[in-house]
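Shared between the two complexes below is subunit A, which pairs with subunit B and subunit C, respectively.
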Partner chain A sequence: MEKLKDALDFSDFSKTERVCFYIFTVFLLVFPWLGVGSFVKTVMIQFMLFSLFGMGWNTIGGYGGQVELGKAQYVGIGAYTVALMMVWWKVPFWISMPIGVLIALGYSFIIGYPLFRLKGHYFAIATICTSLVLKDIFDNWNLVGAAKGIELPIHEHPDFLYMQFKSDTYYYYFIMGLFYIAIFYMNWFRKSKLGYQLRMIKDDEDAAESLGIDIRWCKIKAYSIASAFVAVGGGFMAVYNLYIDPASVMELSLSIKIALMAMLGGAASLWGPIIGAAFLVPLDRFLGSWLGGHKGLTGIDFMIYAMLIMIVSAYQPKGIWGIIEQFRKRGR
Partner chain B sequence: MLVIDALLQGILIGLLFALVALGLTIIFGVMDIVNFAHGEFLMLGMYAVYWTNYFLNIDPLLALPVSAALGVLLGLASYYWLIRYLLRGPAIAQLFGTFGLMLFLQYLAMFLFSADYRMIDKGVLVGKSYSIGPFIFDGTKLAAGFLSLISFAVVYYFLYKTKTGKALQATAINKEAATYMGIKTDKMNALAWAIGGGTVGIAGGLLVNFYYAYPMVGILFVMIAFACVALGGFGSIKGVFFAGLLVGIIMMIFPVFGQIIGSDFLGPHFKFTIVYLAYFIIVVVRPQGLFGWKN
Partner chain C sequence: MAFLEVKNIVKDFGGLVANNNVSFEIEKGEIVGLIGPNGAGKTTLFNCIVGYYRPNSGKILFKGKDITGFKSFQTSREGIGRTFQIMKVTTGLTVLENVMVGAFSRTEKRDVARAEAMEIIESLGLTDIKEYHINELPIARQRKVGLARALATKPELLMLDEVASGLNHTETDEMVGLLKRLNTEKGITIFLIEHIMEMVMSVSGRVIVLDSGIKIAEGPPDMIVKNPDVIKAYLGEKYAKSH
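And then the complex of A and B:
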């Protein structure tokens, strides 16, 4: 009960932030009824999906300060569990998704234990390596469709058991539900004991250790939480796209995108990943649809995207949220 | 027989890996930055030789100076226009900064040269093979191994025997102390990027003789280079040489073992998996690498 109260309690934010959050919530609720096209709706779904991923990454990457670049493998685990169980045994989404999360949790403990012996660059590259190993295995494993991927069996239109719908509006509210659960969870997390311990570790590992914090265990716990978040998103991707292959759910670029959302928006803040996703996802999609279609212009959209990454990393490593806070301080 | 053949092939390709990883380890040693865009320098080096060969009909091996020069320019440009600004920020921003550079160069190549796979088809050594005793070697791979070894030796001589090289080493060991001795850190950083870019440019020029050039080729080789750098110990020059050889040998020998025991699981499509796994195990068991001195 106490935890629930903490999760729903936003009172330590400034009034402006709270008002913005409420307006944003109302906006999201009515958005599908504003008469927007299906493309814009897809972009919104993607935005919430990537916010979910980013918030997950934020536990270990933002609050914990570990450069984690292998989250795609957990997207893959979540997506493949849902897809395979549906194809092989016709298991409904609501059973296979939690199983996927459990597998992701177990796997993250196994991987996390040796992984968190490492620090800094060693750690960052090792996370990439583990993710690529899993992708290579899935790319060549005929049982799970290898590089061809797997298609999910199609069900009748409104199927709430297998979560398959013709209209994006259903998916929209479904991912919105997950998105808000994630926000409430993160709101609790940042005030939890683990949240404070992680920030302490980020600031000064030696000091944290001398205070009796089990650094490695804390990091592993945060890593597993992040993995669980991402696996939920992976499960959603499977039923939303109805088709998955290693290239779409396990690619290195997906790992990087996830970390980038949180980084660009502002790591270690509740709103950071959401702002980052709200900025990057539409940019990515709209640039892609405007420029990607023209012959001879392939790649320009990603070049602009890459320029933005470089500029932000060079001038404002704290991300967009850092810029906002800078302005606020100046205003005072 | 099969095993010895794989061993020799592994050494040849390993020499090239060592040259690719050399620049990465120098840059890491001097300024503690992991350059994700390193593979894209390699990729542009490959294209430089490819297009010189295509338009000017110059033999790919004689076109090496073009790719080396391009590599040096790329290194310097990245340092002065991006890395210098990144150095002020936290480590995570540095990682993302070089990652942005990687993405930029990838899609620049995609934009300029399209996503086609390109391979050199004319040249003195292209398509020729030589038999030495019972073993058959591709001429291009022999040349690549040999020239990699020479380039590596030149850089090694420069770093350990010349005054500027020693200054670079001093900066890598202790930046502050080096500054007190009158060594300008900024210049040394730029030098590290110039050498890093130049060597990987040459490596790209050698690689394109027997491997396809395409915009995304870099990521594959940068991961191998990361494995070599970690295995040798971040920042260690000697280490990266032996690590390169070792990784080359591992990569070539595992599929042979697979063939011998008739297992599909060790097949050639898993040769990169083995490199990644090797990296993971090495850094976990021995984080300082084989010859590492930096933690």
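And then the complex of A and C:
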């Protein structure tokens, strides 16, 4: 009960910010009825999906301060669990998605245990490696479709059991629901014991340990929460795209985008990943469609991301939210 | 059974022996000072006790329980609090949040942690800076924050590593008063490393002297200042001979 109260309590934000949040919520609710085209709706769905990923990453990457660049493997686990269980055993989405989350949790504990013996850059490299290894396995594993990927059998529209719809509006409200659950969860998380302990670990590991915090266990817990988040998103991707392959759900670039969005918007803040996704998803879409049409320009989008990472880490490690906070402090 | 028993601690860093066969005991309710010249191995000894380092050999018993080889967070849970000689200047958490993290080690509830943290902050006179970050504070206040967050873990034994270094005279006196108050009012046993002689002499009931990793003397402060071995360690052989 107390946890629920914490999750719904935004009172430590300024009034302006709360009003912005309410207006934003109303905007999201009415958005599909504003007569926008399907492309814009897709972008909105992507925005909320990546916000979800970013908020998950924020637990370990933002609050915990660990440079985590392997989230794509858990997107893959979530997506493949939903897709394979449906193809093989016709398991409905509402059963396969939680199972995917459980597998992601279990896998993240197994991976996280040795991973968190490492620190700093070594940890970052190791997360990339584990993700790449899993992608390589799936690329060559014939049972799960290898590099060809798998297609989900199409059901009659609308199918709430298997979450298959012709119209994007259904998906829109579904991801919006997940998006808000994520916001409320993170709002609780940042005020929880684990949230405080992670921030202490980020600040000063030696001091954190002297205050009775089991650093490695805290990091593993946060890492697993992050993994569960992105596995939910991965499950959504499977039913939304109706087709998945390792290149779309396990690619390194996906991991980097997830981390970059949260960092650009502002790591270790509630709104950071959302702000970051609001910037990067449209940019990504625009660059993707524009550069894709020009031969020889493909790949430039990654150069732009690389530059963004460098600019953010050099000039404003707290991201866009950090800039907003600076203004707020000055106004005081 | 002593409150803290340290038996034959040896810690070497690949040839350099920082602690060589150090043994001593601390009784409950005591204030014990640990002094010695630079490089004598004082901080290493602290780190061995709290579990930041693992001693090569020897035993540490706390309240009769063998805590040798425990990690820092485990000794903290057993009831040993510590502060650091060099406090990391951080920008992430406010003073209140720092102390709350300490309080969280004994509770799951945020409201409880906050209330306990506020109580400690008030008793240490840090109320006016509770929303500041550590990097915004002068060194005297930083040290108090370090002390406050260690206190928030409700330690029975508090180990302070040069808690008065960088403080001026009035601040040092204030700190001495504070430590004595903690000792008498809350019954916290205090074990402190200190460079400032006046402070050690005025606050501790007993002093242990370390030189080149070896315990060279132990006793009440007025005996320690007259001990020829201690004078030699601090002022050199020549000075000791001429006196």
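Convention: the second predicted complex is superposed on the first by the 310 of 332 C-alpha atoms of A that agree within 3 Å, B and C clash if a C-alpha of one lies under 4 Å from a C-alpha of the other, contacts with A are read in each partner's own complex, and residues count from 1 in each chain.
Note that in this section a residue touches a chain if its C-beta (ideal position, glycine included) is under 8 Å from a C-beta of that chain, and two chains touch if they have at least 3 such contacts.
Note that the structure is a prediction, hence the values are computed from the model and not measured.
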Residue contacts on subunit A - larger count, subunit B or subunit C: B
Partner chain in contact with A:258 - subunit B first, subunit C second, else both or neither: neither
Subunit B versus subunit C as contact partner of A:122, first or second or both or neither: first
A:84 touches, of subunit B and subunit C: first, second, both or neither? neither
Touched partner set for A:299, first subunit B, second subunit C, both or neither: first
Partner chain(s) touched by A:232 [first = subunit B, second = subunit C, both, neither]: neither
Which superposed partner A:204 touches (first subunit B, second subunit C, both, neither): second
Touched partner set for A:213, first subunit B, second subunit C, both or neither: second
Touched partner set for A:196, first subunit B, second subunit C, both or neither: second
Touching partner for A:313 - first (subunit B), second (subunit C), both, neither: first
Touching residues on subunit B, where the partner in the complex is subunit A: 28, 32, 34, 82, 85-86, 89-97, 99-104, 106-108, 110-111, 114-115, 215, 219, 223, 226-227, 230, 234, 267, 269-270, 272-273, 276-277, 279-280, 283-284, 287
Parts of subunit A lying in touch with subunit C, wherever the complex brings them together: 2, 6, 191-193, 196-197, 199-200, 202-204, 206-215, 268
Residue ranges of subunit A in contact with subunit B within the complex: 61, 65, 67, 69, 114-115, 117-118, 120-122, 124-126, 128-130, 132-133, 136-137, 139-140, 252, 256, 259-260, 263, 267, 297-300, 302-303, 305-310, 312-315, 317
Residue numbers on subunit C that touch subunit A, as the complex places them: 50, 52, 71-73, 76-77, 81-82, 84, 87-88, 90-93, 97-98, 100-102, 104-105, 108-110, 113, 146, 149-150, 152-153
